[in-house]
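Both of the next two complexes hold subunit A, though its partner changes from subunit B to subunit C.
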Partner chain A sequence: MVVETAPLWAVLVAPALLTALAGVGTWADRLVEARAAGAASRPEAVLTGMVSDAARLLVAQRRATLAPDRLMWRLGVVVVPVAAVLAVVVVPFGRWAVDDLGVGVVWFNAMEILTWAALWAAGWGPNSFWSLIGGYRMVVQGLAYELPHMFALIGVATAAGSLQVGTIVAHQRHLWFAVWMPLGFVAYLLSVLGFSFTKPFDQPAGADLSGGVLVEAAGADRLVIAAGRWLLLAAGAAMAVPLFLGGGLGPGLPAWAWSTLKSLAVLGVLVAARHRMPTIRLQRWVPVAWLVLIPLTIVQVLVAALVVLAR
Partner chain B sequence: MGVTMRLVGLAARRPRVLMAAMPGATECRLALEAGLRRRGWAAVPSPAAADVVAACGQVPPDLAGPLAQVWSEVPEPKAYIVCADPPSVEADLDRVAGRLADPAGGPGPGWAASQPEYACSQDDGMGMGVHGGSGHGVDGDGGMEMPAGLAMADRGADRDGLKLDQLHAGLGPFLADWPAGLVLHLVMQGDIVQEATVETLGATPVGSFWNEPWRQAAAGGEVTAGMAARRLAACRLDGLGRLLAVAGWPDAAGAARWLRDELLAGLPTTDAARRFGRLERRVGRSRALQWATAGVGVIGGPDVAARYQGWLADIAEAVAALDDQTPLPGSALVRSLPVPAPGELLAALERAAVGAEIGAVRLMVAGVDVDLDEAVDPAGVGGG
Partner chain C sequence: MDAVVFWALAAGATVLAVAVFVVDSMARATFALLGSFLLAAGEIILLGLAYLGVVIVVMMIMEMVIMAVFMVMYMMNPAGLMPMSMVHNQRGALVIAGGVFAALAAGIFLIPWPTQGTHSSGADATFDLGKVLMGPHMLTMMLLGITLFATMIVTVSLAAARGRYDRLGDDLEGGSRQ
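The block that comes next holds the complex of A and B.
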C-alpha cells in the first residue's frame, strides 16, 4: 500500500500540519509584498506582523450591523476554515492519511464546494450592500471554476480507475499525472486560487469593494475567515500533490519528506501567482472559463479515457 | 485580563490604519503613507479592518460628520490621530502606538467585556455600509411592519426592461484609494449603477500640490525644469499607485508609491531610471492589467488602459529630465499642468458611471485621477 489510514490521533496532527503550511504561505506572501513596496521586510519583522494581526483580531470587538442574518453570517464565516480542515482528511502526508476513503476525490470536492456556499452566506449575512455584492461575485466565480475543477478531478479519477486517493498515488509510480495531463493540472491550480478566493481570483473580497465579503468582518470573525482563506489555499496545494505529482513517491527521501517538499513547491507557485498580476475581473474571466477552459478540460478527460482504454 | 493586555500590547506593535484623506492635504497623505511604510504598518480599506483612524490634514467642517461615522465603525481598542503637519507624522504615529498599547488608560470606553459587539448606524461616511434604512427610497409599505424598521426599496426600470429594486448608495468621501473630498452618490440595481451624481466636500481649492512648481514659476519664483519633472513623475506615480491598488495589485501599487516618495525625497537620476525601468516592465507589459482595464473608462475619452500607459510614458519622459537645470518659464503653459481643473472630468464621470458595474466605476475614478484641490468649475458639475 502506498497510502494507509493513520491511527486516530492523526485527527489532531492533520489540522496542525495544515495550519503550519498555511502559516508558511502567509509569511512568504507578506514577505514578497513588503519587499516589493519597500516596507519593513526582515523575515522576523514579517512574522511579528502576523502575530500582531492575530492578536489584534482576537481582542477586537466583533461587529453587529443593522438587521443582520446572524445565523447565515456566522455559519458562512465558520464553514470556510472547517471545510478546509475537513478536506485534508483524505490528503495523504507521506504514507498516512487521516482516512483514505474509497470516495476520497468526491469528499475533497464536496468540502471545497461548501466554501462556495459559505462565502455567499458570509456576504449575505451582514445586510451590507458591499458584502452582498462580494457574496454574489463568489457565486459567479464558482460557476467559472467549479466545472473545470470537476473535469480535472474526473480526468485523474479516470486515469487511476478509482476515486481513492491512495490508488491515484499508486498509479503515478512511473509517471506523474501532471506530466501527461498538464491541462487538468493547470485547471486544478486555477480552481484552487478560485475556491480560496485568492488573488488573482479575489474579486469576492476585492479591493474595489473595500474588501467585499470581508468588509463588515471585525475581530474574531475576521480572523476566522482570513485564516480559513489561507487554510483553503494550503489544502488545495497539499491535494495537488497526490492528485498530480505522485504524492509521497520519490527516490531517496522518505515519503513524508517528498509530500512536504512537493506541497511547499505547489504553494510557492500559487503564492507567486498572487503577486504576478492584478485581480482578474469576473466580467472578463467567466467567458474564458466557459469557452476555453471547460472545453479544454473535457478534452483532457477524453484523453485520459482513451489512454485507459488503450492500456 | 493579563492575557488580554498582552494581546493588546502585541496588536499595538503593528496597527492597521484607515487613512481618511482630507482635501488640500496631499503632503500630509504622502508623509503618512511613507511613515506607515517605514514601520511596516498596513493601510486597510474598511473601518472593520482598522484600529487606527488617521485624518490626513485638518478636518473641514462638512467632513467631520462622515469622519465621526467612520470612527464609530472601527472596533475597540482603537485610536484616532490627525496628521496635519507632514514633519511631525513620525511623532504622531509614535503617539498613536502608545495610546493603543497603554494598559493604564484602557483601550477605550465600551471595549471588551461590557460590549463584545459594536453596532453602527445606518449610513456611514465611506458610503460603504448602507444597511438598508436611510439609503432606500421609501415605498408605500401598506402599514406592514418591516424588519428593523427599514423601509422597502423603491423600484425602477432596469436596462432589460424589468422592474428591479433600487438602492441609494454612495462612494466616498473616506474610501481607500479614492480622491480626497469626492462623493459619488449612486442609484444601484444589483451591482450596476443606474444614476450617478458627484458631490465635492471640504473643497478649499488651494491649488493642487502636484501643480506647485508651475504655480511658483508663474508667480516669478525660481523653479528649474528638473524640479518640475520630479513633481510630474511623482504625480503620475501617485495616480498609478491608486489605480493599481483599486485593480487589486498591492505589490505594484506599493512599488509605485515607494518610488514616488523616494523621488520627492530627491532620489538621484540613475537610481530613479533603474527603478522606474523595473516598474515599467512589470506594469507596462502586464497583459492581465491591460485585460482588466481595456474598454473601461470615460465615454469619448481614452480608456483606463490607455491612461495608465500614458502615465508611464509621462514618467519615463520626466525621469529623463530630472537633472534639467534650465529655469521653468513663468508662462509655462497651463495646459501642460500635471493635474487639470476637475470640472469636466467629474461631469464625464457622472455620465460614464451610468450602466457600469461598481468595480468598473472604481477603476474609472482611479483612471481619471481627479484632484479636487484644483478649483472645481461650478458649471461643470452637479448642474444636471
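The block that comes next holds the complex of A and C.
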C-alpha cells in the first residue's frame, strides 16, 4: 500500500500541517511583496508582521451593518476554512492520509465546491452592496473554473481507474500524471487559484469592489476568511501532489519528505502566479474557461481513456 | 449505531425541510433546502453508496447556489429585507403534498422488498445499483448525458448577451467592432 489510513489522532495533525503550509505560503507571499515594495524584507521581520497583523485582527471590533442576515454571514465566513480542512482529509502526507476514502477525489471536489456557497453567503450576509456583488462574482467564477476542474479530476481518475487517492498515487510509480496530462494539471492549478479566490482570480474580493466579500469583514471575521483563503490555496497545492506529481513516491528521501517538498514547490508556483499575473476580469475569463479549457480537458479525458484501453 | 445516525439525519433533514417554508428570506430558504439535501446525502452514504452520497453533496451545493441566484431574482427579496412567504395556495398544496406522501408511504409497504440482506455480485454497491437501474441502456444514458452537457454549453454561449457577435460583429469577422 502506498497510502494508508492513519490512526485517529491524525485528525488533529492534518489541520496543523495544513495551517503550517498555509503559513509558509502567506509568509513567502508577504516576503515577495515587501521586496517589491522596497520595505523591510528580512524574513523574521515579515514573520513578526504576519503574527502582529493576525493578533491585531483578533482584538479588533467586528463591523456592524444595518439589518444584516447574521446567520448567513457567520455561516459563510466560518465555512471557508472548514471546507479547506475537510478537503485535506483525503490528501496523503507521505504514506498517511486521515482517511483514504474510496471516493476521495469526489470528496475533495465536494469540499472545494463548498466555497461557492460559503462566499455567496458571506457576501449576502452583511446587507452591503459591494460584498453582495463579490458573492455573486464567486458564483460566476465557480461556474467558470468548476467544469475544467472536474474534467481534470476525471482524467486522473480515469487514468488510475479509481477515485481513491492512494490508488491514484500508486499508478504514478513510473510516470507522473502531470507529465502525460499537462493540460489537466494546468487546468487544476488554475482552478486552485479560482476556488481560493486568489489573484489572478480575485474578482470576488477585488480591489474594484473595495474588497468585495471582504469589505464588511473586520476583526475576527476578517482573520477567519483571510486565513481560510490561504488554507484553501494550501489544500489545493497539497492535493496537486498525489493527483499529478506522484504523491510521496520518489527516490532516496522518505515519503513524507517528498510530499512536503512537492507541496511547497506547487505552493511556490501558485504564489508566484499570484504576483506575476494581474487580476483577470470575469467577462474575459469565462469565455476562455468554457470555450478553451472545457474542450481541452475533455480531450485530456479522452486521451486518458484511450491510454487505459491500450494498456 | 447506524439506526441512531439514520434517525438523527432524518430528523435534521425534516426540520430543515420545514424551515424552508417557515423562514421569510429566499436566501435562508435556499440554504435550508441545501442543508436538508446534504443530510439526505448522509442517508445515502449510510446505505453503503458512498459515491452516490458524495456526488449528491457536489451536485446539491452547485445546484442550490445557482438556485439561490435565480430565486432571489424572481422573489424580489434583496438581502432578505422584504419579508416573503414560501407558502402559496395552501389548501391545494396540502392536498397534493398529503397525496404524494400517502402514495410514497403506501409504496414502502406494497413493494416486495428483496429478502437477502446484501447485494449478490460482490462488486461495489454503486456499480450494482447502476446495473439494476440502467441495465443494457447504460451506454445510451451516458451518450445522453454528454449530449445534454454539450447542448447546455452551446445554448449558453449562443444566448449570452456579450457573446461572439458582440465581440466580433455581425459577420464574425472582427472588423465591425464598436
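Going forward, the second predicted complex is superposed on the first by the 311 of 311 C-alpha atoms of A that agree within 3 Å, B and C clash if a C-alpha of one lies under 4 Å from a C-alpha of the other, contacts with A are read in each partner's own complex, and residues count from 1 in each chain.
The rule is short, and it goes like this: a contact is a pair of C-beta atoms (placed from the backbone, for glycine too) under 8 Å apart; a residue touches a chain by one contact, two chains touch by 3 or more.
From a predicted model like this one, the values you see are computed outputs, not experimental measurements.
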| item | value |
| --- | --- |
| Partner chain in contact with A:Gly206 - subunit B first, subunit C second, else both or neither | first |
| Which superposed partner A:Thr279 touches (first subunit B, second subunit C, both, neither) | first |
| First (subunit B), second (subunit C), both or neither touched by A:Gly194 | neither |
| Touched partner set for A:Leu291, first subunit B, second subunit C, both or neither | second |
| Touching partner for A:Gly236 - first (subunit B), second (subunit C), both, neither | neither |
| Which of subunit B and subunit C A:Pro81 touches, first, second, both or neither | neither |
| Touched partner set for A:Asn109, first subunit B, second subunit C, both or neither | second |
| First (subunit B), second (subunit C), both or neither touched by A:Leu101 | second |
| Superposition-derived comparison: subunit B or subunit C, residues of subunit A touched | B |
| Touching partner for A:Ala117 - first (subunit B), second (subunit C), both, neither | second |
| Shared subunit A surface residues [contacts with subunit B and with subunit C] | 67, 127, 136, 283 |
| Touch list for subunit A against partner subunit B, complex | 32-34, 36-41, 45-46, 48-49, 51-53, 55-56, 58-67, 126-130, 133, 136, 199-200, 202-203, 206-211, 214-219, 222, 275-281, 283-284 |
| Partner subunit A, residues of subunit B touching it in the complex | 4, 7-8, 10-16, 37-40, 42, 45-46, 48-49, 51, 73, 75-77, 111-112, 115-122, 126, 128-133, 135, 147-148, 150, 167, 169, 175-177, 188, 190-191, 244-255, 257-258, 286, 288-289, 291-292, 357-360, 362-363 |
| Subunit C-touching residues of subunit A, taken from the complex the two chains share | 67, 69, 71-72, 75, 101-103, 106-107, 109-110, 113-114, 116-117, 120-121, 124, 127, 132, 136, 139, 142-143, 146, 163, 283, 287, 290-291, 294 |
| Subunit A-touching residues of subunit C, taken from the complex the two chains share | 25, 27-28, 31, 34, 50-51, 54-55, 57-58, 61-62, 64-66, 68-69, 79-81, 153, 156-157, 162 |
